[in-house]
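What follows is a set of structures for review.
Look at the two complexes coming up: chain A is in both, with chain B in one and chain C in the other.
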Partner chain A sequence: MRRRGADWGARLAGLDRRWIYLILAAGLILTLLTGLRLPERPSILVEPLYERVENLPPGSPILLSLDYTPSTAPELEPMAFAVVRHALLKGHRLCFVSLYPEGDNQIARVTEGVIAREFPAVRAGRDFAVLGYKAGNEMVINALAQRLDSMYAGDLEGRPLAELPALAGVHRLADFALVVAFSAGTPGLKEWILFAGDPLGLPLGGGCNGAGAPQFLPYFPHQLLGLMGGIKGAAEYEAALRLGHPEFHQRTMRATEGMGPQAVAHCIIIAFVLLGNLGLLLSRRRREDAT
Partner chain B sequence: MSGSLEVWIASLLTLMVFSFLWRDNPLYKFAEHLFVGVSAAYFMVLAFWSTLWPNAVVKLVPAAVRVTQPGAEPGAFEPLAIVPVLLGLLMLCRLWPRLAWLSRWPTAFAIGTTAGYNLTRYLRTDFLNQISTTVQDGIVVQQAGRVAWGGTLDQILVLAGTVCGLVYFTYSRPHRGYYGGMARVGVAFMMVTFGASFGYAVMGRVAVLVSRLQELLGGWLGLL
Partner chain C sequence: MRRLIPRLILTVVGVVLVLTPFFVRPEAGGRGPLPVFFAYADENFSVWFNVLAVFAFILGGANLLRTHALRVRERGRDWPYSLLTLVAFTAVLVLGLFKVGGPPGLQGSVSHGDSALTWIFDWIYMPLKSTLFALLAFFVASAAYRAFRLRSWEASLLLAAAFVVLIGRTPFGVTLTAWLPNVLRFLRLDELSIWIMKVPNTAGWRSILIGISLGVVAMSLRLILGIEHAVLGGRR
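Right, the complex of A and B next:
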């Protein structure tokens, strides 16, 4: 009996990794094809950010910094989409900036993918301003804290800041009612906390990719109003939107769609971690028996 | 199936990259080299038009703004912009061994300003304010005057984890007795942290994979 267990240990330890890839791919494809949906609820990390956007008076200026690239867009873009939907629904004014060179393209995906499709009455310049990417990392934030026009003469279409109704009464970072940074690394949310949220006492929320989430947890709730960590955080914000606004009840949203396959993938990975450890234990027992 | 050429190119390149999971092969190599080449060219062009052009050329020759924004009014001439331009040119002196020493000046400027800015900010945000936020809440009381036991337990765990983690990294005293016990608790907290980090990282990678599969199954094959 023990000998048979030992054989299984060797087999598990020597399992070709391609079986793992195959099983993972099969699990994900089947889950996507069946359209598995899991219930989501906003957590205490996401709820304060949602509540802040929800309870601001209509017309409040909100700064959104899209600091990510296409490689992290699958996690961060659904967050940006959800926050933009929510803010426009509440009638807030938006201002888009980016600390990443690819930021202008990411902003364009948001304005075309959400604003143009779902809010056709919303106008660039009047309801939202696209200032775009500016080189300089944290120095950009530092300069924006003093004066917005020290970094940006106008929006991406060349209109001077003073002529943009979306930025009426907004001259520096402190004039924004809320800043939300969607961050994939450096520069990103960390720099926004260091140079804007903490020193200015600015209401600052954030979204970050999964790998970066643990480093931001210590800032919550005193130095960070709310945090969306990875695709789960995005799905929680979408859940809050569905709970709070009936018009979103039946709407399919990308992060929520991705959580079913996510759960299946995690189960498969956990199963293989357990199997791997079981194989190690059986192999170790075999060695001990041999000696 | 999609009739868009872009979708076909993206989907086939995705499959070429996925083929590496089987083993290294020419299709994967082709996709990899194409990605490196396109990325290098893309970032070079992006850096020129989004950094060099607006921050150097447009500030020194204001009318140049009309090249990228035909309707824009030229701003004022900014003579101080010549300073970063000169520092940038000094950086290029590294290419000539006899003048390479000149590149130390812009390097020193960049290191000095960045260190100066970051030192004060990190000291306040990551050190002083993190200490105060770790200890200030203590027993969490709800508005009705009742103790919020969940929140209070959170605070106790955060405080215990911080103190025990600090004890583990204090090497001036042997980790024995109750002191060693605290260090071991600190290690346990760190293990939980590393596990959470690994879990978050897995979630991020799976999210990217799911996104590509959604594009392949939905955008390309039209099955979703």
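Right, the complex of A and C next:
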């Protein structure tokens, strides 16, 4: 009887990885099909950023830096969507830049996916400015800290910065009421902290992919006023938005939808880790009995 | 001479940029030629760097073309992939440079909704990159299953922390321990997971960051003082 148990231990501890892939895929597909939605609430990391956007006077200029590529967009794009929704709802002016070559297209996805669909009265140039991508990594931030027009002669449509009402009174980074960087790596949030947030004393919030969040926590809450870590952070911002603005209550939001599959995936991983350890303990017990 | 001039440029630029923050800018009340000079340097060195960065793209593209063209010509290992790279590179470059489908003119946006480049981005690049990255979930699951084992005291600690963070970052974790009274709030899984990330994790990260920064300072000093030659193609 004990021998049989020990066999199970070895089996559990050395499970073929294809079983893991199969069960994880099945779990994810089922969750996506059923549209599982779980309750979410803002954490202490996300709340200060939400409060900052909420309490800025209407018309405040906010700089959004979309520093990510399509690989991390499923985590970072919902954050950008949520912050853009919130900022436009409060009547703030937005300015989009990017330190990634794919940035122009990522910005276009946000302007078309949120602004054009949900805020038809909002106009490019008047309410928001798309400056787009510039090469040079952190040196772009350094140059923007001195003068915006040292890097950008105009917006993506070719209109000079001085003619954009969205950037009225904004000449350098310090003129922005808030900077939010959505970052998937280098250059990204860390460079915004080192070259803008900290030296200029600029209010800086950020979003990053889940795996990158731990490296930014040392900067919170002094150099970074709020942090959205992964799709969880985005879902928390959406939850704050729903709590603060009932008009968003029924609206489908991508991060909240994504949390169901992620939660199920986490549970499956935990179950496999537990199974692996159970197998290890059973095998160890068998070895001890044998000796 | 080939080494001396780049080394001189490196030293001068390095010293000027290090000294820049120590001078009050003219608009903040700094007087005399030095504040004016350092403000000018601070403003313009970044712009010059960014202009150079654009040329790096041209060099990078040329290098990619040369490497893969050579491999195709010599029928080297996996040369069909190199051919594919060349075709894709050329196609995207031409479509982007000439702004095919989008608004004409130098000032037209390449990310315009109707441009061919946007079509490639939305329908080829985006699905390919998302798919590749999504595969990570499966590898992470398999790696977690194999790595998180109770083999030693340290491994057990890692397992416990991983367990709390994994479950605490899901709404299940919140629901599971939401019944705990306010006095024991810190034991709620979501609070505990944030504590793990904010306290022990931050302590670890801070030490790593400070270590890296000291290394960067030391390396920068070696470069500025001309002790480190490897960056200019010389020997250390």
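Quick note on the criterion: the second predicted complex is superposed on the first by the 290 of 291 C-alpha atoms of A that agree within 3 Å, B and C clash if a C-alpha of one lies under 4 Å from a C-alpha of the other, contacts with A are read in each partner's own complex, and residues count from 1 in each chain.
One rule holds in what follows: a contact is a pair of C-beta atoms (placed from the backbone, for glycine too) under 8 Å apart; a residue touches a chain by one contact, two chains touch by 3 or more.
Given the structure is predicted, the values throughout are model-derived calculations rather than measurements.
When both complexes are overlaid on chain A, chain B and chain C end up clashing with each other.
Looking at the shared chain after the overlay, A:L45 reaches chain C, while chain B stays out of its contact range.
Number of chain A residues touched is higher for C, counting chain B against chain C.
When the two complexes are overlaid on their common chain A, residue A:A143 makes contact with chain C while staying clear of chain B. Using the contact criterion defined above for the overlaid structures, shared-chain residue A:H249 touches neither chain B nor chain C, since it reaches no partner. With both structures placed on the common chain, the touch criterion links A:H222 to chain B but leaves chain C unconnected.
Once the two complexes are laid over each other on the shared chain, residue contacts for A:R117 go to neither chain B nor chain C.
In the superposition on chain A, A:D198 contacts chain B only, with no contact to chain C. Once the two complexes are laid over each other on the shared chain, residue contacts for A:P70 go to chain C alone; chain B is not touched. In the superposed model, A:A265 makes contact with both chain B and chain C.
Only one of the chain B stretches 37-45, 73-81, 91-99 or 163-171 carries C-alpha atoms that clash with chain C in the superposed arrangement, namely 37-45. Common to the chain B and chain C interfaces on chain A are residues 21, 25, 28, 71-74, 102, 104, 135, 139, 142, 154, 156-158, 199, 210, 213-214, 218, 230, 232, 262, 265-266, 269.
Note for the complex: chain C touches chain A at residues 21, 42-43, 46-47, 49-50, 53-54, 56-57, 105, 107-113, 117-118, 121-122, 125-126, 129-130, 132-134, 137-138, 140-142, 144-146, 148-151, 159, 162-163, 166-167, 169-172, 174-175, 190, 194, 197-198, 201-202, 205-206, 209. Listing the residues of chain A that touch chain C in their complex gives 13, 15, 17, 20-21, 24-25, 28, 38-41, 43-45, 69-74, 102, 104-105, 107-108, 112, 130, 132, 134-137, 139-140, 142-143, 146-147, 150-151, 154, 156-158, 199, 210, 213-215, 217-218, 220, 230, 232, 259, 262-263, 265-270, 272-273, 275-277, 280-281.
Contacts from chain B toward chain A in the complex involve residues 21-22, 43, 46-47, 50-51, 55, 65, 69-73, 75, 113, 117-118, 121-122, 124-126, 129-130, 133, 193, 196-197, 200-211, 213-214, 217, 223-224. Looking at the complex, you find that chain A touches chain B at residues 18, 21, 25, 28-29, 32-33, 35, 71-75, 101-102, 104, 133, 135, 138-139, 142, 153-154, 156-160, 193-195, 198-199, 209-214, 218, 222-223, 229-232, 257-258, 261-262, 265-266, 269.
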